[in-house]
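Across the two complexes that follow, chain A remains constant while its partner is chain B and subsequently chain C.
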Partner chain A sequence: MTALAVPVGTLTRRRARTAAWSALAAALLVVLTAVALGTGQVSLSGWDALRALVGQGDPGNVLVVQQFRAPRVVSALIAGAALAMAGSMLQRLFRNPLASPDTIGVTGGASFGAVLMLATGASQQLIPLAALGGGLLAALLLGGLAWRSKMAVTRLVLVGLAVQQGLAAAVNLMIVRFPAELAASAMQWTTGSLYGRNWTEVWIGGTAIALTALAVLLCQRRVAVLDLGDDSAGGLGLNPGRDRLRLLLLGITLASLAAALTGPVAFVALAVPHLVRLLAGPPTLGTLGLTALTGAVLLLSADLLVLHVIPVHGLPVGAVTATLGAPWLLALMIRQGRPPQRST
Partner chain B sequence: MSTVLRTDPPATTAPATPRSSALRRPLLLVAGAGALVLCAALSLALGSRSIPLSTVADALTGAAHGGDADVVTGLRVPRTVIGLAVGAALGVAGAVAQGVTRNPLASPVTLGVNAGASLAVVAAIYALDLGRPVQYVWFAFAGAAVAAVAAYAMSRRGGDLDPVRLALGGTVLTVVLTSWTSALMLASHRTLDEARFWLAGSIGGRQLDTLTPVLPFLALGLLGAFAISPALNALALGDEAAQSLGVPVARIRLAGGLAVVLLAGSAVAVAGPVAFIGLAAPHLVRPLFGNDHRWLLPGCLIAGPLLLLAADVLGRLVVRPSEIEVGIVTAFLGAPLLAVLARKVAR
Partner chain C sequence: MTSTTTTVESVTTANRLAAHGLDLRYGDRTIVDGLDLELPGGAVTAIVGPNACGKSTLLRGLVRLLDPAAGTVTLDGSDVHRMPARALAKRMGLLPQQPVTPEAITVEALVRLGRYPHQRMLSPWSKTDQAAVEEALARTGTAELRDQQVDRLSGGQRQRAWIALALAQDTELLLLDEPTTFLDLRHQLDVLDLVADLHAEAGRTVVMVLHDLGQAARYADHLVVLKDGRLAAAGPPTEVLTAELVEAVFQVPCRVVPDPETGTPLVVPRSRTRSRATGR
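Moving on, here comes the complex of A and B:
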């Protein structure tokens, strides 16, 4: 965020570093996708798996890859990317390194919607919609409670925490009151999982996420101006309160869509922006792309481990993302020897 | 909460200065203690079966026998005593945590204490087939201590604690531990069924033998907290100012952190993870007592149990004859409270 004061040489070097990391992440993404599509009861080589994805090769393989494996892989990729981008956006808007869907109410809202739907015994297909609705309900509460203070950042942080705690308490109440069986499925949903995704969900969710992500990319300039502080942003012709509310809605929508697709997977939104900041420097448009790539890689590799390596039934993917990502983040924090983010 | 709102404008214009006589704060303390006694009496009298206060008094002195008296001495006295101890521990721990980190959002939860205790208890239920809160005590205490030590280790920098790194490291640690807890619970439905009640945070269904093992730690934590309360005032001025006043900043922070771990670890060992008392008690006390930690800590010592017992009584009354766990009630009540606090902070 102090990019203006940085000498040009540093900027070029940062750009080169971002590009190098992005290339590495993209390569990793392709390899992991091929492995994920090729591994299972029917084992395929990575090349065959990628060919089967586009409909070439043995029809049996095409069926297995296209119908059974691809929806899960694709939802891991888009949800990981969406969560990471949303986390980066929220941390910048809240000017707080701890802001993430877990601390501002999106997780609580999405869980509330989904668990409420489970409680009423409605059809499984409605659960993603309910989760999306719950996430947006959290956004509504957040905006409504913080609106009168012109969306001041300190207020937003506290109100977000309050919304999250209130909604999480409601979820907790239901889990304690449910019969054991229902409590288990509620618990399963609230930890996030990629089981049983189908193409309909992936298409709808993916399109919505892609559109929202595009809007996020187009708004990056505004986020960067808000980073300068409310006074400077006002001087540059922005209305800080209104613009922050709009951007916040975008970020929350992105996180809610991801939660609707995979459940609220922990850690990705919190940690990936920090990882990217430690690897490539302060956020720019380029690092946002790297953030999305890293999120996708993290979630996909966690899901691969859950599916094929760790022999525990029903292991939530969030547990693996956190276990995979935390040592990495902590090592970087310790090497850095100073707080990884003081944005303003 | 309406009183909080009404005292709002003067509190913001002159935050630290007490308005009138030197008698105000002692009087407030006495009033708070009176409210606490009232709350404890209500906690003894109300529940799925309401018992008149005269019968309660008879049961306590041993004059009455039979069903009602047994309920009072056998169930409600332990519950109320545990509520008092846990509330006091959480209230003081919150005040010290906020003082040490100079962060109004800090609370024992920030250090990963609750997440560590939860993981240890769930693992114990999973592996050892335990089923009663009294058996969880040591696991919870150990888990809380290990988590807090890990959080400190991550935030050490040059022999001192870095508050920002403490918050980030503690949050990351909490996420990791919580996800492992859910993984264990999903791996075994028996564990889920046992643990979900403990994880909600409750002071019911326990006898005093749940409290006695941690009492020494609790007392030690309280002593430590009160011993450093004058130094916390200096710490509030910033590290350098405190240093120049002759306060050993790093050592005070370490002692404060230790007190928080002892207090919050004892509380979670007895009652399970109860949110919000530690966060809310200091914020409620500050408008009344000012920012002087020598008054803030005694205030929290009363406000903590007051909040906890009031929430517990409320949880027993709303869905009679069943009850809602106190941890869920405090979270529900805490959410709007936090939103009100946000209004003040943002000014």
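Moving on, here comes the complex of A and C:
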């Protein structure tokens, strides 16, 4: 046997690295949260901001932090985490490093739902629900159109792209006919933004996302078995087509819930799994936490840029994640110098 | 070299896989056509035949990766396609022809996945699980590779890691789809010896698709010869593997001589040049 010069203890090293990066991401998350809560027209120190969040200190500060800033910050954290987990799951299920809500129809579906609601002039409060419905509609289309080929991975990728393009086209058709004011509102919803979140939305969305994330967590063994290819998965007692569809629905639900909270923010779901892969190795149960933390940090950082650094009023956070995220991801890939995912 | 000439007495009745009027199709194409077949339990069966004769398809049908268009597959009398997937996966393990190695997975992590059918959703990793993994690693000689990445191993090592996964599944039946393809001669023999040991020492019933007739005759107790999706012959290699059969199935004129090492039949194709030379 030829002994390859690979250092021993790969698993242990990966676990240590995952733990270290998770701790760092968690620390970063606390700091950024404090900064986000403390920054604005009323400026607070990070410590005062965190105290105000739990109702301590000057009543004026408590009001500003709890009622105006916190819902937005918490929305960013929840949606970022959900998008990142969904992206990681979708990339594994599609065996494709480009799979993300943006390429399989969730973005198109959520935008479609939101814009349809705007078009009918229904209450603004129904828009998150419509975005969720639109995302799930995309999932239905995907499952329905790929089912006959037993959810074969190659077919899913193509069907996903077609669903995305079709729904995006429908969205554009509607927006073109909108009056300017409505079009601006539609633009916010289809790009993904964090303006005007309130606690009711955060609680409902957050609870739904937490429950879905828990289900994702419980299904990780199944995902790992599906990673072995359909034949092996079948030999190990899975029904690859049916199980892939179920897991796919779970991933899409997670992404759609995030889209309901913030609109379909681009790029977080695509980029975070790759970043985690570079930091801590291929996706496992252990890297799921790091993935969620990284997504939360990324979306909150992007929102901080939108609010306090970039001097454009009303810029949707999705525009920033895409413009800054793309070159950053490219740079990471080039530095790494090897393909991000091997197919066999 | 392990002797594989198992006596008829040691062939038990349990773990009998059988096909009854089995039709297997891909779309409109019929690959396996009305096959009746009984595979002995407790034995090593090799399925052989020319390319595209349906041997891999048959194996896929037996482990129900493919639903039959007609007919049934039974395991000890009960319909395989009506058994719960997990229950079947506890009895039958599979090494597919082209398994997908997840990116950067380590040997041990791969082998651990073989325990999936034995685990419940929230059940923690048990001592039984770890013991099965350790035994699988030990038997396949991959214990010292456990921390290495599977996608960086040589072909032979990788194949043994995959066999270890199937072993950790702890099934009485083991089905292998062309386990020696893409391996050089030495690693082919390594894999086949490993299979022979699994049968001899661990009492596994083995069904494998093979290309090489000499290897099939050497390592199998029972030979299934397919041609165009139908059964051409089945039985012990010494009885089945005749010059007439090989010529009829493979269209290769040949002589069949006893293998000088084991006495099992060895197919020696007739030489075109030599017959020309003698004819002159």
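The rule is simple: the second predicted complex is superposed on the first by the 330 of 344 C-alpha atoms of A that agree within 3 Å, B and C clash if a C-alpha of one lies under 4 Å from a C-alpha of the other, contacts with A are read in each partner's own complex, and residues count from 1 in each chain.
Following the convention adopted for this analysis, a contact is a pair of C-beta atoms (placed from the backbone, for glycine too) under 8 Å apart; a residue touches a chain by one contact, two chains touch by 3 or more.
This structure is a prediction, so every number in the text was calculated from the model and none was measured.
Chemist: Taking chain A as the common reference for superposition, should the pair chain B and chain C be classed as clashing or as fitting?
Modeler: Aligned through their shared chain, the two binders fit side by side on chain A.
Chemist: With the two structures laid over each other on chain A, which partner does A:56 touch: chain B (first), chain C (second), both, or neither?
Modeler: A:56: touches no partner chain.
Chemist: May I ask for the angle at the C-alpha centre of chain A between those of chain B and chain C, rounded to a multiple of 10 degrees?
Modeler: 80
Chemist: Would you check which partner chain A:191 touches, where first means chain B only, second means chain C only, and both and neither mean what they say?
Modeler: Touch partner of A:191: chain B, not chain C.
Chemist: Of the partners chain B and chain C, which touch A:227 in the superposed model: first, second, both, neither?
Modeler: In the superposition, A:227 contacts chain C only.
Chemist: More residues of chain A are touched by which partner: chain B or chain C?
Modeler: Of chain B and chain C, B contacts more residues of chain A.
Chemist: Does chain B (first) or chain C (second) touch A:316, or do both, or does neither?
Modeler: first
Chemist: Which holds for A:165: it touches chain B only (first), chain C only (second), both, or neither?
Modeler: Only chain B; A:165 stays clear of chain C.
Chemist: Rounded to a whole Å, what is the shortest Cα gap between chain B and chain C in the overlaid structures?
Modeler: Result, nearest C-alpha distance in the overlay: 8 Å.
Chemist: Which positions of chain A sit in both the chain B and the chain C interface?
Modeler: Correct list for chain A: 341-342.
Chemist: In the complex, go through chain C and note every residue touching chain A.
Modeler: 60, 63-65, 85-86, 88-90, 92-94, 96-106, 108-110, 113-114, 116-117, 119, 121-122, 141, 147-149, 151-154, 156-157, 165-166, 169, 175
Chemist: Could you please specify the touching residues of chain A with respect to chain B in the complex?
Modeler: Where chain A meets chain B, its residues are 97-98, 102-103, 145-146, 149, 152, 154-155, 157-159, 161-163, 165-166, 168-170, 172-173, 175-176, 180-181, 183-184, 187-188, 190-191, 266-267, 270-271, 274, 312-316, 318-319, 321-323, 326, 329-330, 333-334, 337-342.
Chemist: Going by the contact rule at the top, pick out the chain B residues touching chain A in the complex.
Modeler: 105, 154, 157, 162, 164-165, 167-169, 171-173, 175-176, 178-180, 182-183, 185-187, 189, 192-193, 196-197, 199-200, 275-276, 324-325, 327-328, 331-332, 334-339, 341-343, 345-346
Chemist: Quick check: in the complex, which residue numbers of chain A touch chain C?
Modeler: Spelled out, the residues of chain A in touch with chain C are 1-2, 4, 6, 8-11, 95, 218, 221, 224-225, 227-232, 234-239, 281-282, 284, 341-342, 344.
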